[in-house]
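Each of the next two complexes has chain A plus one more chain, namely chain B in the first and chain C in the second.
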Partner chain A sequence: MIRYVVVRTIRALATIWLVWSLVFFLSRLTGDPVKWILGEFATKESYETVASSLHLDLPLWEQYMRTLSGLVRGDMGMSYYHRRPVADLFLQRLGPTMALQSVVIVATSAIGILFGVVAAVKHDKLVDKAIRFFTIVGCTIPNFVFAVLLIFLFCLKLKWLPSGNIGSFRHYVLPFISLSIGPIASISRLTRSAMLDTLSQEYIDVARMKGISESAVIIKHGLRNALFPVVTVLGGQIVTLVGGAFVVESVFSLPGIGTLSVTAAQTRDFPLLQYCVFIMIATFTFVNLLVDLSYAALDPRIRDGEWATN
Partner chain B sequence: MMVNLLEIRNLHTCYHAQNQVVRAVDGVDLHIRQGDFYALVGESGCGKSTVARSIARIIDPSYAYIEQGEILFEGNDLVKLNPRQMRAVRGLKIGMVFQNPMTSLNPVVSIGKQLLEAIQAHTRLPRKQAMDKAISLLELVKIPDPAQRMQSYPHQLSGGMQQRVVIAIALANDPKLLIADEPTTALDVSVQEQILKEIDDIRKQRDMSILLITHNMGIVAQMCNRVAVMYGGVIVEDGFSADIFSEPLHPYTQGLMACMPSIEEEKEELHVIPGTVPKHFEPGECRFLHRCPIATPDCGQREPGLEEFKENHFVRCHNVNIRRLQEEAR
Partner chain C sequence: MFNAIIPKLCRLRKEGKLSILLLAISFLAIVAIAFAAPLLFPIDLAKVSLGDRLANPRFVDSDSPYLLGTDSLGRDILIRIIYATRTSLAISMTGMFFSLVLGVFLGAVAGMFGGIADIVVMFLIECRQAIPMMLIGIVLASTIGPGSFSIILTIIISCWSGIARITRGQVIQLRQSKYIESSRLFGASNIDIIFKHVLKNIASVVIVEGTLSLAGCILLESSLSFLGLGIQPPLTSLGIMVNNGRDYLISQWWLAIMPSLVIVLLSLQVSLIGDWLRDRMDPKLRHASGR
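Right, the complex of A and B next:
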């Protein structure tokens, strides 16, 4: 068990380092930030001054080593434009994103699992068919299309809800809906098939033959086993969700991490972009690590090391 | 006079798939008395498991249903019970053991918890007493170190041990009837016999009845006092096993017996009943017609009924009944 935790943790740290490095080099392919900062008519001297003040005149590997050691020491650097620590900028924008994401993650998993269970229990009945129709729609239409359609309907036509910015909870309704539909659809689809699979197992009949209530059979014996694949995908869902947040935040001009990162990439603000990406990968990896470890907590077979080798 | 614990009258259970209705059980009558070790025999697809599942009403309602018939258990018709009443019967009056022990236990719940759940479904025992009862149940089915095994998970036990746990669960509330649907088919032969012997001992101790679903005639000959042979959704022969084994009447029963390997006789090859159970039967002809070695043109004209050949020995075959009439006339 301890070995399992250690192996998974090392693997998680390696992932963070690899992805972060990838972003470091990829972002430098986008162009020269100094030209962006100074504009077209920069003199040679001013160019050199700015470049050396940002350490952009150093060889690439030296820039990399400096940034990496900064990362390890906890010094994340300053934004090229705002001349403020990137962590400050990040924290400033964290509120709206967190508010949106936390609600989306909790609500989508709860609703998705509920839909999936209901569809599986009412297999081939009308409810199941309705949920299946919804999942196909939800899985095929991308979230930004939903976002635009929702804005068109609720802001332009009905004038019920605002189309952008933040303020009251009303500002979050449309981003929430457009972000949630896809994940709810895919989680409920997965839960449905996992539930159908477990409900056809013999231990379900054994449980039923004990004379316990049908809801106990479905939740204690069915859902508990069906949740394993669902938990795996939930971890992955969080990644897609944050990816979707970039797009949806932009559509609704919500001042969150998504819009901050997009602006950072557009303006070649390397430290800011690296920081945003670093925090996001760290979060994903940590979530996936928790998912892996929760398996061991939930499944005695993994605790015994039967499946621990992948 | 022994009272019937279970009496099935004219049971029809159907499956529907793609707008087609298949009558898996097409008019089955049988009665099990208290203390009987009753075998329901037949090859795969003959409807014997469906009979078992119909009794406990654990057929999947989304595609299967009991079309007509009565299942009288202690005088009450189980078909008419609502789900709540049926739950009170399951586990308490009727226990059931299934074919595959490796998938019969929930993989993420400990043995002890699964047993306790069965015990506490029907009685409000304090935890300590329920634990003791669970341990004594594991002892009853001969599981070594029962107290330690309570914390084990299914994957830590062998198939035979897992099936013993399932049996313990089925016996948790002293049921009157134990339905065992091919309980040892998935286990190796040495374990098969042990487990069946143990079940039989428990039956004797508790005066319980057992309905054993199997296709193994050898087991039936050794253990069971009564047998019904099923073919194509109906019973073709029914009687005491002593009678049936000394004088099998129906050609299908005779075929099944000939399939048994024997130590005394040297056989080059095992007997095989030609063909398989057809999916669909033409109404108005004998169901066994196309595989029957003694079929006559008459068998294609009308379907035979289940008739009493001798006292308590029933058979569904024209030719056998003609033989009986001839013998009587003599």
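Right, the complex of A and C next:
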């Protein structure tokens, strides 16, 4: 088990490093930030002053080593535009994104699993058919279309809810709905098929025969076993959710991490972009690592055959 | 003629094939119309006529010459939707094709040779899955400039990993089967085995996976162009039309809603066809999708 933990942790760190470096070099290809800061008609002297103050006159390799050593020391650098530490800017924008994402992650898992279990228990009944219809529709409609439809209906026609910016919780209702429908659909679809698998096993019949109440059979024997594949996918869902946040934050003009990274990429604010990417990748990899480790702790087959099939 | 067709249709309905037939025909019709657009409606997409701007569609004003009205630059919405569908389909199909090729290649190499190749491919899959697709799209659009090429590249980079994972699993299962072992005993090389046996056997799984990921590609393309990270004017795509129409939601709601409906229709058709193919080709998965 210790060997498994060490191998997995090293791989997670390698993932973070590789993606971070890729973004470093790719974003350097996008253009010269000094031209963006000074405009087209800058004199040569002012150009050189700005370039050297931002260390952009150094060879690419040296820039990379500087940034990497800064990353290791915990010094993430200053934003080119705001002249403030990037971590400050990031923290400032973290509120709306965290408020939205945390609710979305908890609510989509809870609602998705609930829908999946109900659909599997009421297999082929009307409820099951309704949930199946909902999952098909939910998986095929992109979140920005939901966002536009919701704004049309609730902001413009019914005038119940505001369409953008932040403030009270009412500002979060529409972003929440447009962000959650897709994940709820895919989680409930997965839970449903895992539950159907589990409920057709023989030990479920045995449990019923022992006279355990139906709800205990479903929750204790069915759901606990069906949750394994669902939990693995939940880690990946977080990546999808944050990807969706880029779109949804921009539609509802929420000043969050999504909009911050889009502007950072557009204005060639390399330190800021890199910091955003670093935090995101680190979060995903860490979550996936936790999922994998807890999985291995619960199921010895996984830690023994690490490179076997899927 | 109808007398011959109707009993046939009834039989298909009984076998549960009528709906999938209609679905496939309607999807193919949309594809055909979209790709024949330059022949059917030879217009200049950049041409504007400000005199006709924001004309009402026929369901609002029955005298209107435009079935779905015109946009803020006086261009016919229906024709623009057809051209937009063409761009969206062309981009997502190209992206899907190349990601399929890349995914099958890497998955087959990892599954067939194992060892270092397998570790590297699995590591790359893991890296890819730690990055949100939107982030790839944003970085690529700002690196090589927004356009069809950046979106196709984004789709390839985003979609290969799922296909590679599935191919790898299939190949590992196949590699342990008896007939592969016996052809190896007869002296077949790895390359021979990959082309003669493995690829033929995983074809059905790959087709299903490709169809299902095409639906994802359509959604990814429209999301990226919605954010302005894709095709640039005068060309248009469904996501751009939704984004442009957003400003007119109060007065001319159809400008945003009509292209949205086309996106939903396309991805619904493709994923239903994909689900049906999966049920047909892999009986093991049949109950998983709800039959």
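Rule of thumb we're sticking to: the second predicted complex is superposed on the first by the 297 of 310 C-alpha atoms of A that agree within 3 Å, B and C clash if a C-alpha of one lies under 4 Å from a C-alpha of the other, contacts with A are read in each partner's own complex, and residues count from 1 in each chain.
In this text, a contact is a pair of C-beta atoms (placed from the backbone, for glycine too) under 8 Å apart; a residue touches a chain by one contact, two chains touch by 3 or more.
Small disclaimer: the values here were computed from a predicted structure and weren't measured.
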Three-chain arrangement built on chain A, chain B and chain C clash or fit: fit
First (chain B), second (chain C), both or neither touched by A:Val72: neither
Chain A: partner with more touched residues, chain B or chain C: C
Touched partner set for A:Val262, first chain B, second chain C, both or neither: second
Partner chain in contact with A:Val19 - chain B first, chain C second, else both or neither: second
Computed vertex angle (chain A) for partners chain B and chain C, CA, steps of 10°: 80
Which of chain B and chain C A:Val242 touches, first, second, both or neither: second
Which of chain B and chain C A:Phe284 touches, first, second, both or neither: second
Touching partner for A:Leu126 - first (chain B), second (chain C), both, neither: neither
Contacts of A:Val145 with chain B and chain C, given as first, second, both or neither: second
Touched partner set for A:Ile136, first chain B, second chain C, both or neither: second
Touched partner set for A:Arg192, first chain B, second chain C, both or neither: second
Distance of closest approach, chain C and chain B, by C-alpha atoms in Å: 10
Those residues of chain A which chain B touches in one complex and chain C touches in the other: none
In the complex with chain A, residue positions of chain B that touch it: 56, 58, 62, 83, 87-92, 94-96, 98-100, 103-110, 117-118, 121-122, 153, 155-156, 166, 169-170, 172
Sites on chain C touched by chain A in the complex: 114, 118-119, 122-123, 126-127, 129-135, 138-140, 142-143, 165, 168-169, 172-173, 215, 219, 222-223, 226-227, 239, 242, 246, 249-250, 253, 256-257, 260, 263-264, 267-268, 271-272, 287-290
Chain A residues touching chain B - in the complex, by the definition given at the top: 123-125, 201-203, 205-214, 220-221, 224-225, 298-301, 304, 306
Complex contacts: residues of chain A adjacent to chain C: 11, 14-16, 18-19, 23, 26-27, 29-31, 128, 132, 136-137, 139-145, 148-149, 151-152, 156, 192-193, 196-197, 236, 239-240, 242-244, 246-247, 250-251, 261-262, 265-266, 268, 277, 280-281, 284-285, 288, 307-310
